[in-house]
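Input: one structure, supplied below.
Should a chain be cited, it is by its letter among A, B, C and D, assigned in written order, with residues numbered from 1 in that chain.
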Amino acid sequence: MNIKILYFARIKESVNYSTEDIVLPADVSNINTLKNYLAGRGEVWADLFNGKQTIRAAINHELVDDMMAINDGDEVAFFPPVTGG
Amino acid sequence: MNIKILYFARIKESVNYSTEDIVLPADVSNINTLKNYLAGRGEVWADLFNGKQTIRAAINHELVDDMMAINDGDEVAFFPPVTGG
Amino acid sequence: MTVQVQTADFDVAAELAAMRTASADIGAVVSFIGQVRDINDGDAVSTLTLEHYPGMTERALEQIEQEAKSRWNISGSLIIHRVGMLQPLEQIVLVAVASAHRGEAFKACEFIMDYLKTQAPFWKKESTPDGERWVEAKISDDEAQSRWKQS
Amino acid sequence: MTVQVQTADFDVAAELAAMRTASADIGAVVSFIGQVRDINDGDAVSTLTLEHYPGMTERALEQIEQEAKSRWNISGSLIIHRVGMLQPLEQIVLVAVASAHRGEAFKACEFIMDYLKTQAPFWKKESTPDGERWVEAKISDDEAQSRWKQS
């Protein structure tokens, strides 16, 4: 399936992407498996997505946990814990 | 001893005084005995000071309880529970 | 630490700006504005008259501010309370607290209001279609204050 | 119930006056103003840049307001949050809640701030003498939010 991924704050700076459209492999079905998939892209990605850092995820503008399923056409976002206010 | 008494809000309206200077009898030494003394002035005063209504007292601008001693030259005030804010 | 008791209205913007810009160490300003409601206990209110005890009022408000300052790490506080005759929608009271962090500012501001409601010598009289009446103190205000008692 | 995310500064006086005078049933307006501090974690801060997630930000803030409205009897609420580059002493955020009575306004306003701090997608980057750095989330903010959890 096709999804859009957005990156914010220091994650965006680390991966040098703010957004990408990707076709997910068949075995990537939720946030957790997507993180594992991204961690396989190289050292920078592994550092971010190997589970040692707290990375929050949203699907279609809703905060979700790692077990949340991803569907075709979703907008997925990864970002650090928020620091507004 | 000589003291000044101030009355506020509905107490002032009931007794028709806002302030008076009085010489206290020898047996009036604290707020409680002063209330009893004032209650003896007549029906309006008895209604206010017989203990059935909540009447707060202050001495020299400090809220006090009924056992607080009164000294010569004090400014004593009687008023209903406050309702500002 | 400022206390003002006055008949004139107050300028919330100017007061909050002065409080906020007093120091660049201030991260949070919490404020409370109280205003005259046009209805109370089910009756229409056309005017509200506030009586107070000059001298004691200022002293009581200053003591409340001091107590707040002793309990929380706050940079500044302000209490402005009006007296005299007010109409519905007019401002009655402004309490503002500045602090480096929000939690202390929220607590100190609510503390000041809860103590003001039970300790500061102000009395409200309402004009309603049935005539004038003194506003009765609320048990809920005593309860609000008692939450802050320290053992 | 209003939410605004903007680069421009906001006029606290106008916003609070509009909120306060929306109804003569309103007796209390509690507000929070957050501003840029010139020091953080012991280092001088020359500028603060706020990034956010357009679309999700507004949605998250609206959900926080809805949750506050469902928990307390409030007449109105307002959240204005700035993004982009700010200097020390500039205003970052205004949260205001109007209610008939003060207790609900205080609780709802602090609730909105605590949730905003942990749920709304904003990120702060500071410029210090040692360069730029992203502000780290605080455990104390998670703890502040968790106080409001309902069983």
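Methods note: a contact is a pair of C-beta atoms (placed from the backbone, for glycine too) under 8 Å apart; a residue touches a chain by one contact, two chains touch by 3 or more.
In this text, all values refer to a predicted model and were calculated from it rather than measured experimentally.
Of the other chains, whose C-alpha centre is the longest way from the centre of chain A?
With centres defined by C-alpha atoms, farthest from chain A sits B.
As a quick test, compute the distance in whole Å between the mean CA positions of chain A and chain B.
Chain A and chain B have C-alpha centres separated by 72 Å.
Centroid of chain C to centroid of chain D, CA atoms only: how many Å?
That gives a centre separation of 23 Å.
Distance between chain A and chain D based on Cα centroids, please, to the nearest Å.
Computed value for the inter-centroid distance: 26 Å.
For chain B and chain D, let me know how many angstrom lie between their CA-based centres, rounded off.
For chain B versus chain D, the centre distance works out to 48 Å.
If I count partner chains per residue in chain A, which residues reach a count of at least 2?
Correct list: 85.
By the touch rule stated above, which residues of chain C touch at least two different other chains?
In chain C, 34, 102, 113 touch at least two other chains.
What are all the touching pairs of chains?
A-D, B-C, C-D
Okay, in this complex, where on chain A does chain D touch?
Residues of chain A touching chain D: 6, 8-10, 58, 61-63, 77, 79-85.
Report the residues of chain C in contact with chain B in the complex, numbered from low to high.
34, 50-53, 55-56, 59-60, 81, 92-93, 113, 116-125, 134-137
Touching chain D in the complex: which residues of chain C?
Of all residues in chain C, those touching chain D are 11-13, 16-17, 20-21, 24-39, 88-89, 91, 100, 102-103, 105-106, 109-110, 113, 140, 144.
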